[in-house]
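Labels for the chains are A, B, C and D, by order of writing; each one numbers its residues from 1.
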Amino acid sequence: MVETKIKVDYLARVEGEGNLYIKVIDGKVERLEVGIFEAPRFFEALLIGRRFHEAPDITARICGICPVAYIFSSCRAMEKLFNIKIPEEIEVLRKILYYAEWIQSHALHVFFLHAPDFLKVDSIMEIAKIHPEITRKALKLKAWGNRIIEIIGGRSVHPISCRIGGFYRIIKREELKEIYEKKEEMQNLAKELLEWIMTLNIPKMERDFENVSLRNDENEYPLIGGRVISNKGLNVVEEEFEKFIEEFQTPYSTALRYKIKGRGPYLTGPLARYNNNYDRIRGEVKETVEKQGYQAPLRNTFQSIIARAAEIYHATLEIGRLIDNYVEPQKPYIEVEVKSGTAYGITEAPRGILYHAYEVNEEGIIEKANIISPTAQNLAYIEKDLLELIPELLKMNYNDARLLAEQTIRNYDPCISCSTHFLKLKIERKP
Amino acid sequence: MLGKEYEFKIGIIKKIREETYNVSTFHIEVEGLNGEVKPGQFNILYLFGGGEVPISISEIGRRRLAHTVRFTGTITNMFRELTVNDKIGVRGPYGNHWPIEEHQNEDILIIGGGIGIAPLKPIIQYVKEKRSKYGKLIILYGARTPKDLIFKSEFEEFRKIRDSELHLTVDRGDEKWKGNIGVVTTLIPPLKLNIENTVAFVCGPEIMMYYTVKDLVKKGIPETKIYISLERRMRCGIGLCGHCQIGPYFVCKDGPVFPYWKIKEYFGVKWI
Amino acid sequence: MHTRGLPLKKLGLVIGDWRDLERLFKYLKDSGYRIIGPKVDGNVIKLKELKSLREFPKQISDHQAPGYYRLEEGDFFRNGDDSPKKYLFPPKMEIFKVNRDLSISFREIEKVKIAFFGIKSCDTASITIMDKVLGERGDSFYKHFRKELFIVTENCIKPGENCFCSSMGTGPRVQSGFDISFTRIDGKILFEAGSERGVKILEKLKLPHANAKLKKKFIEVLEKAAEKAKANFEKRFLAEKLELAIESPIWKELAEKCLGCGNCTMVCPTCFCFDIYDEVFLDEYSKRVRYWDSCFTYKHAEVAGGHFRPELWARYRQWLLHKFSYWKRQFDMLGCVGCGRCITWCPVGIDIRKAVEKVLKWVDENVR
Amino acid sequence: MNIKLAVFKFASCDGCQLQILNMEDEILQLTGKIEIAYFMEATSRKLEEPYDIALVEGSISTKWQEKHIEKIRANSKYLIAIGACATAGGIQALRNWSKNEDYSKKVYPKPEWIDTLAESKPISDYVNVDYEVRGCPVNKDQLLWILSQLIIGKEPFTPTHSLCIQCKIEGNTCIMVADGKPCLGPITMAGCGALCPKYNRGCYGCFGPMDASQAEKLAEHFINMGMSKREVTLMFKGFTSWSKPFRKVVSKYGGDED
């Protein structure tokens, strides 16, 4: 019998490079591993000794694709600890920024990373050859998302304008004009692209998974804060969340894995969000998806691409509304009074719920940090999903099997780099 | 027209002569330059997307000019890829010139170090054409190694000029090198000069010019009859961008050629 | 282009009030000028387009000290971190576009008719300097922006802590290079014309002449101001004296705190160094773009295979001697108008007045 | 189409490579001029080595990476390090001041499964780098400019002066002088567009030290402004802390303490 070891060379809790290893003997699964081997960067350790206000800038560097999510989860945590009430005006601006990141990140995943799977090509450059118009439109939409982050945040990757308590300076209504002027065009594009996505040839594969997402009291689609709920009865406040999950580490991965205590792996991300909050998605979106029969709940993870496209459309509509409501605040931020204690914050990153917890001392220095990224939370479920796919895979030829396995993983948008290139699939069959 | 002062003319490369492993001479044809070209002047050459570099004119023809370029940095290295019939941008000529006309009937002493011989070559050409109007022509030329000597193919021609001397030296020789070894200043003491009637034109690295001038003065040549050509970073060539200043002078407009007496108080100052 | 100051006698001072200043403003605006003047922008006064004179910061003062700038309530302000240079010699500007075949697409910039309204005399003097440095030397863009310039200068009745225009002979009362000047005296506004254009416009306003008492007050106020805006050195022989220290070790000491950040040269209304970059787009076209540069950057005097000013102290010397010495021989004037910006906006508060004093002291003690 | 471009990732957040995909307006044009030979973030297609240009993101922090970068170097004509991680070790280089095992223990329940080098270091510490593009992340316009220069056969160039110069060119107000807030601009390399001051905060140095950076002098000035040694240390201990000038400041003001 051949023993294969995958060396753990890579990192914690964040997306990055990984691989997949499946070993089947006599039709029986011996081992199945999704190894994420991004180099460890020790964020939780290097936050120790830093001051509370540095958390947003530092944690943003965990991920270049969804830095806004990291910024807001850490702001959320600190602000709750310090009992800061964020004024409506600032909240509105934050939501615009957050939705813009969804657009940018989802567009990237849907068109650059995921769509090629459904069209059986290598990249968006190939899609551009078959569907030049769609590609052009998708790029335009993505650019709009980036532009919004740029205007409000200074730049689209690792924006610099956000701080605990608000923003470093007042963003003038006038500055938003440029993006506002394009909103209708973008809403139309988003709708059109959603419709196009629904025409893709999506594999049929129903599963019964636990959808975990936020749900808020404002009767809005969730973004920043709220209760963590699931379709299987989870319903807790941010502070309690960690008590209901269990973490474990595998020797083949630098990423920790999570399951709900007593129940097992769960799913977070656009699909879970969509399923749990379908009642709060914009009517225009509902109308569009229902025309093609894709109302919630969606039980097929391959349909996550639809949830993403639907969220893009929703985001374009919401940004329009939010800008309408935006009033320049008197002060760009609320002054902070440091308190010691533990800070908890959860927000809905493009890829799902992003949990931050910090122990802060009376000088505002971070003594302990814990961050649980959406991808880390999904890992266990990805493996479970693949396990259920094994009989299917064994029936296929090697290449098709590999592709399907890869696509299955990409359904979760685990992270940009791992979702396209990490698969070195080894299927060992022993007769 | 706005930006007219930076407009360049199109120069077409007609011939490229490889001088050494990192120096080539480009003969270009260019119509409608600013005016008559004089020995010692320079042009600013433009390569698409790269930018501009000031380069001395190393040969003056009726319709053609030559530029001898050492490939040393970002833009000059782009010159390596040029081939015959390629186009480049040319604006100029800029700067003053070697005041050769003012020194008729005198002995001409040319001292060049490295690529510094390039802006001096038009003097040789000039003296050759107006041979009877000048006295002796003495050329001292030094390079780092024999491999670095440029204009090798023309040495014979220089020597053939009536009443001329060509003295070569290298800092480091090789097996084949039979000539003088040492910096260019080592060629000065043995020279037999008609001190009263000699004018010196010097170009090379600043440190080389510094010692050369010292030795010339020691030999008795008056400071008013020693000319040096300076080099500074340059952006515009027309006295606007501020880069080429040395003390109160703009090298591009007030120079590049300076009589030594004029620049003396600044030339030796450390890191001016 | 050059407007000469007319002696007091010719028109003399005419007297009006704030409403007359508004009339002047309106007149210029109606004549098609884009009016640029001081305006509060965040926590600094900048030169911006003024839609109405109400935007003019009347009730504000700028507290300036080395490395320090704060706006406060008050009744008089000096200057901010920008200057007319920004409009006449923009900080970044495309010169032209070069296409792949080396053909040039020149730019067309529509005719600009700018009126500077309420700049101080130091800034007015800086325009005179730029006329010589950029205008006369043939910068076509400068000439374009300068062509239709109208200048309304405010005489400085309360110079700031960092001001030394009187030592440089550029203020606080504007002497030349302006069209109209105004002075706030005792709740009144005294106007004076500096050019034929100015005379014509003032005549249109039909204001009465100031009486002897007011004229005397005017002189007193400005004399007092002049006393205040002094550095501890004289302009006479300044250029020549400073150069005597060219090889002094003092430069190292002066540059001890210097960060080489270049802020002083950026805010200086007369510093003119620039760089040109080729901003190439794929292999399709290249924009030749002009950016402000500074003699403090490491690269400013670097050449292939060598460096003329590798040490920061040498760059500091270049800046100081250029402004106060070399400039004299280059343009027959000094390069400093004494506006104090480089003192205020130096992040570590290096004071050029003190630096000049120290050099002079060194010369006194060491050169004989 | 003959320029073969490869994009590699080491320890990093992906943000710098993402900037390539963020060139929405140019990306299709760009792929017409450059052949993407290896770019896992964008395509699953791989072309054979050697490559003309290798863009390398991320710092070297594991043994495997140490070997891998040598291979990349050997297979690439032109190697460009992009971003703060690749040019200065990145934020993860903060661990270079601490003992590595401590770090693993703080993050992982079973640290013995984690394999990493003691330090996170820039690419140039391991192999010869032809050009460095600064920033956390790199600036998209700068990156496009650099690629364009490479396309026309020019060794890339970008300005290396202080952020202050860019700050003034952009028309920002100096927040050190007008607000009394500390700013790393005077010693940080330009390139970002002077973003932080534009948004009313001090630069935190994500583009790393400029040419001839006077980091120690600025640190001294911060102390004179009344900042504690600890505060000064933290300012320099950011995204480019392992660059030489910044490292010096950190060691001088108490880098080993925490």
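Keep in mind that, in the parts below, contacts are C-beta pairs under 8 Å (C-beta built on N, C-alpha and C of every residue); 3 or more make two chains touch, one makes a residue touch a chain.
Everything numeric here is computed off the predicted structure, so don't read it as measured data.
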Problem - Longest centre-to-centre distance from chain A, chain (CA-based) - result: B
Completion exercise
Comparing each chain's Cα average against the average over all protein Cα atoms, the nearest is chain D
Completion exercise
Taking each chain's centre as the mean of its CA atoms, chain B sits from chain C at a distance in Å of 40
Problem - Geometric centre distance via CA averages, chain D-chain C, whole Å - result: 38
Exercise for the section: Find the geometric centre of each of chain A and chain C from their Cα atoms only, then give the gap between the two centres in Å, rounded to an integer. Expected result: 53
Handout entry: Distance from chain D to chain A - Cα centre to Cα centre, in angstrom
Key = 25
Problem - Sequence positions of chain C contacting 2 or more other chains - result: 275, 277, 280, 283, 293, 299
Handout entry: Overlap residues in chain D, where contacts from two or more other chains coincide
Key = 148-149, 152, 154, 157, 200
Fill in the blank from the handout: Shared-interface residues of chain B (touching two or more other chains) are 48-50
Practice task
Using the contact rule from the top, write out all pairs of chains that touch.
Solution key: A-D, B-C, B-D, C-D
Exercise for the section: Spell out the part of chain B that touches chain D in their complex, as residue ranges. Expected result: 48-50, 74-75, 77-78, 81
Handout entry: Residue ranges of chain D touching chain B (in the complex, touch as defined)
Key = 148-149, 152-155, 157
Problem - List of chain D residues in touch with chain C within their complex - result: 26, 29-30, 33, 144-145, 148-149, 151-152, 154, 157, 159-162, 164-165, 168-171, 173-174, 176-180, 183, 185-187, 200, 210-212, 214, 217-218, 221
Completion exercise
Note: in the complex, chain D contacts chain A through residues 9-19, 21-22, 24-25, 27-28, 31, 36, 40-45, 58, 61-65, 90-92, 94-95, 98, 102-104, 106-110, 113-116, 120, 136-137, 139, 192-193, 195-196, 198-201, 204, 206, 234, 238-239, 258
Practice task
Please give the residue numbers of chain C that touch chain D in the complex, ascending.
Solution key: 41-44, 46, 67-70, 81-82, 86, 91-92, 257-263, 266-267, 275, 277, 279-283, 291-294, 297-299, 312, 344-348
